[in-house]
Amino acid sequence: MAVDREQRLWDWERTAQPYLLVASLLFLTSYAVRVLVPGLSPGWETWWELVTIVSWGIFVAEYLARLAFSSDRRRFLRTRWLDLIVTVLPLLRPLRIIDMHERMRRRRNHPQLVLEARVMVYTGVTSLLLGFAASLAVYHDERTAPGANIHSFGDSVWWACSTLTTTGYGDATPVTSRGRVVAVALMFVGVALVGAVVGSFSSWLLRRFRQDGET
Amino acid sequence: MAVDREQRLWDWERTAQPYLLVASLLFLTSYAVRVLVPGLSPGWETWWELVTIVSWGIFVAEYLARLAFSSDRRRFLRTRWLDLIVTVLPLLRPLRIIDMHERMRRRRNHPQLVLEARVMVYTGVTSLLLGFAASLAVYHDERTAPGANIHSFGDSVWWACSTLTTTGYGDATPVTSRGRVVAVALMFVGVALVGAVVGSFSSWLLRRFRQDGET
Amino acid sequence: MAVDREQRLWDWERTAQPYLLVASLLFLTSYAVRVLVPGLSPGWETWWELVTIVSWGIFVAEYLARLAFSSDRRRFLRTRWLDLIVTVLPLLRPLRIIDMHERMRRRRNHPQLVLEARVMVYTGVTSLLLGFAASLAVYHDERTAPGANIHSFGDSVWWACSTLTTTGYGDATPVTSRGRVVAVALMFVGVALVGAVVGSFSSWLLRRFRQDGET
Amino acid sequence: MAVDREQRLWDWERTAQPYLLVASLLFLTSYAVRVLVPGLSPGWETWWELVTIVSWGIFVAEYLARLAFSSDRRRFLRTRWLDLIVTVLPLLRPLRIIDMHERMRRRRNHPQLVLEARVMVYTGVTSLLLGFAASLAVYHDERTAPGANIHSFGDSVWWACSTLTTTGYGDATPVTSRGRVVAVALMFVGVALVGAVVGSFSSWLLRRFRQDGET
C-alpha cells in the first residue's frame, strides 16, 4: 500500500517536472521584467505581478499536494528539505536542478557524461542562474537605497561575478540588509563553485594517472 | 597504574564534557549580551560579567585539574595543546568540537555519517561559531574606535562573512590592532573552510568514480 | 575516403601549426604596440594596424579552409568549438596551447613530463599570456574613460595579477562595460588557475603516498 | 672521479647548511633592524649595513664555490636554479627550506612525519617567513611614498596577511612599483598556500576512506 503510494508519488513528480520548469521560467521572467523594465504601464505592471503570484502559487500548491499525498509525511519533510526552501524562496529554484537530475538519472538509463563534466555543467548552470537571480534581487533592493554604489543592473551583474569567483573587488557592494543577506548566500555559492572546479581538476588528474599506470 | 590513571582521565573527560558545553554556551551568551545589549543596568552588567568570569574559571579549573591528574604531564601538554589555547582564549572553544567528537567516536560505536558529510558539518558549525565570536570581538573593539567603518553588529557580521569566504570586499574592515589580530585568525579559518569544502568535493568525486568502476 | 580526408586534415594542422604560432605572436605584438606606444607616427600606425588585420585574416582564412576541407562539418564545428572562439577573439588564442599540445602528443611519442608538471606549465603560460592580453585590452578601454582608476599600463598589470589570484584588492578596477567583460573572463581564468594549482598539489600528495605504501 | 666530486659536493652542502642558516637569520635580522628601528645612530647604521652585506657576500661566495666545484656546471645551473634565485634575492631564502629538507631526508633515515603534516608545516613556516620578508620590503618602499596607505609596519603585516589568504581587502595596498612587484610575488605564494591546505585536506580525506575500506 505504502509502496503503491510511493510509486504514485514518483509518477506524479515525473509528470509535474516539465510544468514546474515552465512555472520557474515564468517566475524568473516576470520578476526580471518587473525589476529591470522602468516605467511599466499599470496594466503590464499588474499582469506581470499576476504572473509572479500565480507561478509562486503553483509551487506552493504542488508542494502541499505532494506533502498531503505522501505516505510518511515526517520522512517527506526530512528528505525533501530542499523542496521546502525553493518553495518559500523561488529565486533559489535553480538549486533543484541537481536534485532533479539525480532522481531522473536513477530511473531512466541515460548514457552518462563523465562525472566531472556533469559536475562542471551543473555548477556552471546553477552559478549562472543563481548569479542572475542574485543580481536581480540586489539591484531591486539597492537602486533606491541611500549611499548605495550599485546604480544600474550592469553594476549588479559586475558585483555578482566578483562575488561568485571570491575575488571581491569591493567597488560595488550592497549596503542594505536584504542585499547583504543575498550577498552572503552568493559568497557561499562562490566557495562551492571554486570547490567544484578545483575538485574536478584534481579528480581528473588522478584518474589520468591511474589510466596511464594501467596501460 | 598509569593505565588506570589514563582510564580515569578518559572517564573524567566523558563525564565533564556536557558541563563544559553548558559553560561554553554561558560564556558565549554572557559575552554576546555584554557586547550587543546597549544601556545594560549596572545590576545586569555585574551579573553577566560574573557569568563570564565564572564560566572562564570553570575552564581554567578543569584544565588544571586534568593536568594535575595526568600520569605524564609533559605528554599531556604536548598532545592536548588545543585544550590550552581554548582555555586561554575561550572564544576559540568551538575548535574543540572536532577534537571532542573524534575521541568520543573511538570509544562508543556510533553509526557513522559519511566522512565527507561529517567534515562538512564540523566545518560548517565551527565556521558559524567562530564567525559569530569574531563578529562579537571585532564589534566590541571597533564601535568606539576613531575612523572605524564597522558601526553596527550587522556590519561586523557582514565583514565576518566576506572574510570567511576569502571574498574580502574591504568596505568594512577592522582598523584597531586587536580587531586586526582577530581578522587575521578568521582569514586562516576561511582558508581552512575553503579547503574543507574543496577537499570534500574532490574526495567525493573520486569515490564515486571508484564505485562506478567496480559495478 | 573520409579517413583519408581526416588524415589530410591532421597533416594540414601539423604543417600549419608553426605558421599560426608566428601569426599569433605578430597579432599580440601589433596590438601591444598600438596600445602601449604613445604618439605613433601615422605611417607606423597604419603599418601595425595592417599587421593586426593581416594576422587576424590568416586565422579566419585557416579556420574556414579547415571547415571547408572537413569531411563532416557538423562534427568539426562541435569538436573544434575552441577554434571558433579563438578565431573570433584572437586575444584568447593562448587557450589553444592546451588543445594543440594534446593532439601533438598523441601522434608523436615524446618522452613525457610528469602530468602535474605539465598541467602547471600550461596553466602558468596560459595565465601569463591571457593576463597580458587582458591588461592590454583593459588599458586600451580604460585610459580615456571618465572616472577610471587605471591610468597606466602598470596599473593594468597590477589589476590583472590581483584578479588572476582571486585576491581582488579593488584599488584598480575597470569601470567601462568592455573592460568589465574582460575582467569577468579573467576572474574565471583565475578560478581555473587556483584549481590547477590546488588539483596538482593534492594529486601529487596522493601519488607520493601510494608510492611510499608500495615500497 | 665525477662520482667522487659529486660525493664531496654533498658533503660540503651538508657541512655548509648550518652556517648558511645562521647567515640567513643575520641577513633577515639586519634588514629588519634597518627598516624597523627609526633614528638608528650612524655607527649602528653602518654596523647593520655591514652585516647585511657580509651575509649576502657569504651566499654569493658559497654559490660560486659550489658552481666552481661542480663536475658538470650546466647540470648544476639547471637542477639548482632555486639556489641562484635565493642568492640574488636573499629575502626569498625561506623557499630553500623545502629543497634543503628533501635532500637531507634522502641521506639520513629520519623517522618521518605524515606527508600531509610535513607539507602543512613547510607551507606554514615558508608563508610566515616570506610574509615577514614581504612586509619588511613593502614597508621599506611605501612609508615615504606619496599617496601611500601603508604608514606603519602594522599596516604592512595586515596587508601581507590579507594577501597571503587571497582575501585582499584593499584598505592597505602598495602604490610603488617595487612594492607591487613584491605584492604580486606574495599573491602567488598565497595561491600556493591555499593549494597546500586544500590539497592536504583532500588527500587526508581520501586516505581515511581507504583505511576504513580496508579494515
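Order as written gives the chain letters A, B, C and D; numbering starts at 1 within each chain.
Criterion: contacts are C-beta pairs under 8 Å (C-beta built on N, C-alpha and C of every residue); 3 or more make two chains touch, one makes a residue touch a chain.
Since we're looking at a predicted model, the values are computed, not measured.
Asker: Taking shared residue numbers divided by all residue numbers at the interface, is the value for chain C and chain D over half (same) or under half (different)?
Answerer: Shared-number fraction below one half, so different.
Asker: What chain lies farthest away from chain A once each centre is taken as the mean of the Cα atoms?
Answerer: D
Asker: Please work out the Cα centroid separation of chain B and chain C, and write it as a whole number of Å.
Answerer: Measuring from centre to centre gives 45 Å for this pair.
Asker: Starting from the mean Cα coordinates of chain A and chain B, work out the distance between those two points in Å.
Answerer: Those two chain centres are 32 Å apart.
Asker: Taking each residue of chain C in turn, which ones touch at least two of the other chains?
Answerer: Within chain C, the residues that touch at least two other chains are 166-170, 194, 198-200, 202-203, 206.
Asker: Just say which it is for the chain contacts: an open line, a closed ring, a star, complete, or other.
Answerer: Contact map by chain: complete.
Asker: What residues of chain D sit close enough to touch chain C in their complex?
Answerer: Residue list for chain D touching chain C: 115-116, 119, 163, 166-170, 173, 177, 180, 183-184, 187-188, 190-192, 194-196, 198-200, 202-203, 206-207.
Asker: Going by the contact rule at the top, pick out the chain C residues touching chain D in the complex.
Answerer: Chain C residues touching chain D: 154, 158, 161-162, 165-171, 193-194, 197-206, 208-209, 212.
Asker: Chain A touches which residues of chain D in the complex?
Answerer: 166-170, 198-199, 202
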